[in-house]
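Would you mind keeping the following structure in view while I ask a few things?
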Amino acid sequence: MNNYLGILTGGGDCPGLNAVIRAVVRRAQDDRIPVLGIYSGWQGLIDGNVAPLTRHSVAGIQYRGGTILGTSRINPLASDDMLKKIQDNWRRFGLSRLIVVGGNGTLSCAMRMWRDHGYAIVGVPKTIDNDIPGTDYTFGFDTAVSIATEAIDRLHTTAEALHRVMVVEVMGRHSGWIAAYAGIAGAADLILVPERPFRMSEICNMLSKRKQLGRPFSIVVVAEDAKPHPEEDFLTREQRDRVFHENRLGGIGHLVAGQIEELTQLEARVSVLGYIQRGGSPTAYDRVLATRLGVYAVELILREEFGMMAAVQGLRMASVPLEEIADKYRPLDDDIYNTARTFFG
Amino acid sequence: MNNYLGILTGGGDCPGLNAVIRAVVRRAQDDRIPVLGIYSGWQGLIDGNVAPLTRHSVAGIQYRGGTILGTSRINPLASDDMLKKIQDNWRRFGLSRLIVVGGNGTLSCAMRMWRDHGYAIVGVPKTIDNDIPGTDYTFGFDTAVSIATEAIDRLHTTAEALHRVMVVEVMGRHSGWIAAYAGIAGAADLILVPERPFRMSEICNMLSKRKQLGRPFSIVVVAEDAKPHPEEDFLTREQRDRVFHENRLGGIGHLVAGQIEELTQLEARVSVLGYIQRGGSPTAYDRVLATRLGVYAVELILREEFGMMAAVQGLRMASVPLEEIADKYRPLDDDIYNTARTFFG
Amino acid sequence: MNNYLGILTGGGDCPGLNAVIRAVVRRAQDDRIPVLGIYSGWQGLIDGNVAPLTRHSVAGIQYRGGTILGTSRINPLASDDMLKKIQDNWRRFGLSRLIVVGGNGTLSCAMRMWRDHGYAIVGVPKTIDNDIPGTDYTFGFDTAVSIATEAIDRLHTTAEALHRVMVVEVMGRHSGWIAAYAGIAGAADLILVPERPFRMSEICNMLSKRKQLGRPFSIVVVAEDAKPHPEEDFLTREQRDRVFHENRLGGIGHLVAGQIEELTQLEARVSVLGYIQRGGSPTAYDRVLATRLGVYAVELILREEFGMMAAVQGLRMASVPLEEIADKYRPLDDDIYNTARTFFG
Amino acid sequence: MNNYLGILTGGGDCPGLNAVIRAVVRRAQDDRIPVLGIYSGWQGLIDGNVAPLTRHSVAGIQYRGGTILGTSRINPLASDDMLKKIQDNWRRFGLSRLIVVGGNGTLSCAMRMWRDHGYAIVGVPKTIDNDIPGTDYTFGFDTAVSIATEAIDRLHTTAEALHRVMVVEVMGRHSGWIAAYAGIAGAADLILVPERPFRMSEICNMLSKRKQLGRPFSIVVVAEDAKPHPEEDFLTREQRDRVFHENRLGGIGHLVAGQIEELTQLEARVSVLGYIQRGGSPTAYDRVLATRLGVYAVELILREEFGMMAAVQGLRMASVPLEEIADKYRPLDDDIYNTARTFFG
């Protein structure tokens, strides 16, 4: 009987995952707890695709993007068969406790696995979108904002040299956190976020006014989920369906730029930053946050605070019931948006 | 009579333009030659939009993207009216010599202004695409390659974590220089360049084989002007028109990824790097190259080698007749392509 | 009577100062408050070296290091003459309120100017050292940590390739914040901070043990103010005087490396990161924090909360009485240190 | 009989070594030549510390600093015993050809091993100092220049904000290549290189004149091996011995700054960049160069051009006899120095 602490990473790629894994292994080692790595998220628990993690296997991984454990988007609650296999493997591999690192979906699932099926689970929040409630920040967010900001810095010079409107589409499912932070840091002239449906007439008026005032260039940052006001009618039925129902990466930026060119005399270009925002080496900030969350998650395990999520609140680490955050998204903070708006126009 | 040395920058944005401008002003100063900055490319010469450049006005600009002189794409040879205005302003502002910094189009125009209209002009090659003949490298290219490489590094982790094919569309009008260099530096598994029309069947076979060999992820770098072999028939007539006749930024990457998903069992995602490759602070390499070209252009002016273009060949600066390079593009070097191909598959 | 809002920056260089200045000007503009820039810290108020700041004068400065206002370390409370000149200039230039951006010294001075001399002042904390009480973080800190982390990443490869101990001396007067964060992010094997006097015997034992366990390389991060335990006797009298009384940049790292070579069989090299940690473009995080502090400082001015310092606590902005933080330093948080210690050895 | 192609890396750390190793393995694979990695430079050949390198073992290493083979500074020609062991191991492990990646010392040794002992060797030049004759550039140089340039950019803001002279000591044993390139890219006001002994009086005059002209800040880049003119007498005997006989990292920058403070009214600060210049991820340029050299070295092996060194000349790869470059250093090019000097003062 090995009494293993398991760890799995679920959902999309996010800079900092490896720093969490390393921190969990090193902190567990201090209390002589063996750690079992579970590959490809819940799938590894279903398939029995696991291997012990040692200090050696996590050496030097904190600065690398991706996750040495791999990931998947499978939902183990979707079938009794998967649940049965997990139950079997849990015993077979001597697991007694589990740390689940994931986004809204994975953590909601972790909550149910704990609450409904009794697994001793602690969660660690993971999303570049920063929209998980209960924690000030999630790792990956600072890296995404940094990459988007560097891109906006670069686009500024082209916008100014060629007198163009550069529309920069950044990531942000459901929320405008990345758009707002990168827009503030990159000195955007306008930021469109899902929390505030936009009106093309206002956008075009603002851009035209800038031109009249001698600023014939502009940077417009658009979150991928930004949406026009429901009363806006510039969209075709097909576009409307796509914008409001699907989440096609790259859609909204092109629509906004197209409308700007149609409704003003300005030349507009689009830059869809896409996946470069979620891969690669994490920033120092994200490495520290990920490391602290990993260390703290093991401490929650040691204190048997199961069903909780590790979080950061101010300078302090904190624990939050998974039930409170499951299936919820945190919209962009009003204060942040208002700060951003100070610089519009 | 001021006997001014004029300088103008034409064409698109390119990191290093400001370093050239600074170098021209500082080197001219050594020989007490006053420099006149001409704004918005040839347009400034047409409109008389000029101002003297001093050491003070170029201090600290070498690391900034864009061009303090602005740029435009106007062709002064297109009308006698413009030529007349240039002639008038040339005298009015006491110009006697001119340094023209630009890409293929601007330099071809400079050649004609010198050959057919007698202006004492020296050219400086400028393009991120590295496709101007007569010089080993052009400034802006190293910056574009660096940005694209950093993006590919980041996409690698997502490709590996999620078992995806990441199609990365990079810049490169006419030529595959950026694609080949960034693909080599970023360890791409396949690189598509305009010089070698591609066949979807070969691409898909290669990617499928990689999967069978335990590499279910791949990075495919595609130059924006890469084209399928004329016999390929996967394109609709509309797509074909677009690919072969227009140069729509962002087109080919999506087409390739779509075909990969259709013809294999692999998930493919696209990242169109776009304008971030041509803006912002130049790399150290590009700053040195741009500075050397600026200094050398003034030396050509002093030696009255008009109608020549400053160039770098190995460690040496060299001059090349504008007539030899006008209206020509340099395709990707075969050696470089063959080096890249060593790593395909 | 202009009713100007003044702004000055005091103390050393710190990435983010220009973002604060821009934010103050833009936010004040919303309430039609004219802003007067005061050059070279308090010196500008003494000399009357001031100029109005407009939207135009702060355009595009948020990403640049340094401060467009310049700075100095003068203490206006040191003489009645200086105080008199400030009083005169305050009236002469129509100042009615003042935002003071500075570190412990400048803010303590600001507190006295408000409390003892009645000036309507709001403070903004500024230090790369993160040791001002009352706020979770100060801008400049994240940039310093990022630069130090990147340096440590680079030193890792040399340490591993050549089997060396690399001693990295980072900034941190009085406190170990930078050392701890950069050490965690950079996976240091040991971190020496002022808050925990070190013993050479423990350090050497740890490094020797690492070697025995097959890790003949190590990264030791040392804060510039780290000090040996008072009972340690490896220092000569002259060294002791220097370490305990002066604050010579570059001293302690060399001493520690020298001792390691003397007491173990290991080769040690030193890297003193120095001033590169406090200059240049701020990170996205620091730009956002600096911008929020600047906006919030104007809001405190509007609410007439004079004698207060703008701060960030969790996701929220907050105000803290300058009297509470004046003349105080905040040591490195115990939790952070303990997290760092998890990875020692 | 395996007919292995061996590869070893000797001398100090240099960004790009892993890219060479990967390229050698991948190119050799195309001709079905098995590659044997030799660990710790020549030491591995003496000790028989070797292992086959496969495509798998070199996957994804091209962007990592250091060398997966390790390195050492041992000279196998120093004893017959070592030569005998190498001879034995060469047969024992089925080696028939060897690629040696190293700097001046390692390549000179490789030349003798080929010429005097008959080993079928091809050399690949490796040094951040760019001072190996016969090749335009060496990999590692661009990375070192980039890091130094970024540091100088950061120091500029502190120099300007606080009116200081910042003395930046960069690497460069024997030669001023790094100093000149980084100084040009970073807009240094003065660059001191070993090829041109300096006089303190000239330096101080220049800095004082800058101050009089309203530029009270300056950036002075100093190569670690820069030396005062032999007639200069500011050095104590002890300092003179150190500067002219030893090569103590960090010496000359402090001496120059000390003299500036003593002889002018200016405040001077020193930043010794040190080892951060030679570690970590290579730039895109260095990855491409290292990859091309690795591929080309295998082609030289296939063509049996032993005793040659792979080189880059302009856009082309070339081969140079090791005998021509052994025991020689290439000083900084005069043209480059003259370009740099245009910006002095």
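Just so it is clear, A, B, C and D label the chains in written order, and each chain counts residues from 1 on its own.
Quick note on the criterion: a contact is a pair of C-beta atoms (placed from the backbone, for glycine too) under 8 Å apart; a residue touches a chain by one contact, two chains touch by 3 or more.
The structure displayed is predicted, hence computed values, not measured ones.
Engineer: Write down the chain pair in A-C, B-D or C-D that repeats the interface of A-B; the criterion is over half of the contact pairs matching by residue number.
Structural biologist: Selected pair, repeating A-B: C-D.
Engineer: Could you grab the centroid distance between subunit C and subunit D? Build each centroid from C-alpha atoms only and quote it in angstrom.
Structural biologist: Centres of subunit C and subunit D (C-alpha means) sit 35 Å apart.
Engineer: Find the geometric centre of each of subunit B and subunit D from their Cα atoms only, then give the gap between the two centres in Å, rounded to an integer.
Structural biologist: 30
Engineer: Show the residues in subunit A shared as contacts by 2 or more other chains, in ascending order.
Structural biologist: 150, 153, 156
Engineer: Using the definition of touching given at the top, classify the network of chains in this structure as line, ring, star, complete or other.
Structural biologist: ring
Engineer: Give every residue of subunit D touching subunit B within the complex, in rising order.
Structural biologist: Where subunit D meets subunit B, its residues are 22-23, 26-27, 30, 60, 62-63, 136, 142, 145-146, 148-150, 153, 156, 181-182, 184-187, 283-285, 287-288, 291-292, 295, 313-317, 333, 335-336, 339, 342-343.
Engineer: State the interface residues of subunit B toward subunit A in the complex, per the touch definition above.
Structural biologist: Per the touch definition, subunit B meets subunit A at residues 12-13, 15, 64-67, 70-71, 147, 150-151, 153-158, 160-162, 166, 250, 269-276, 278-280.
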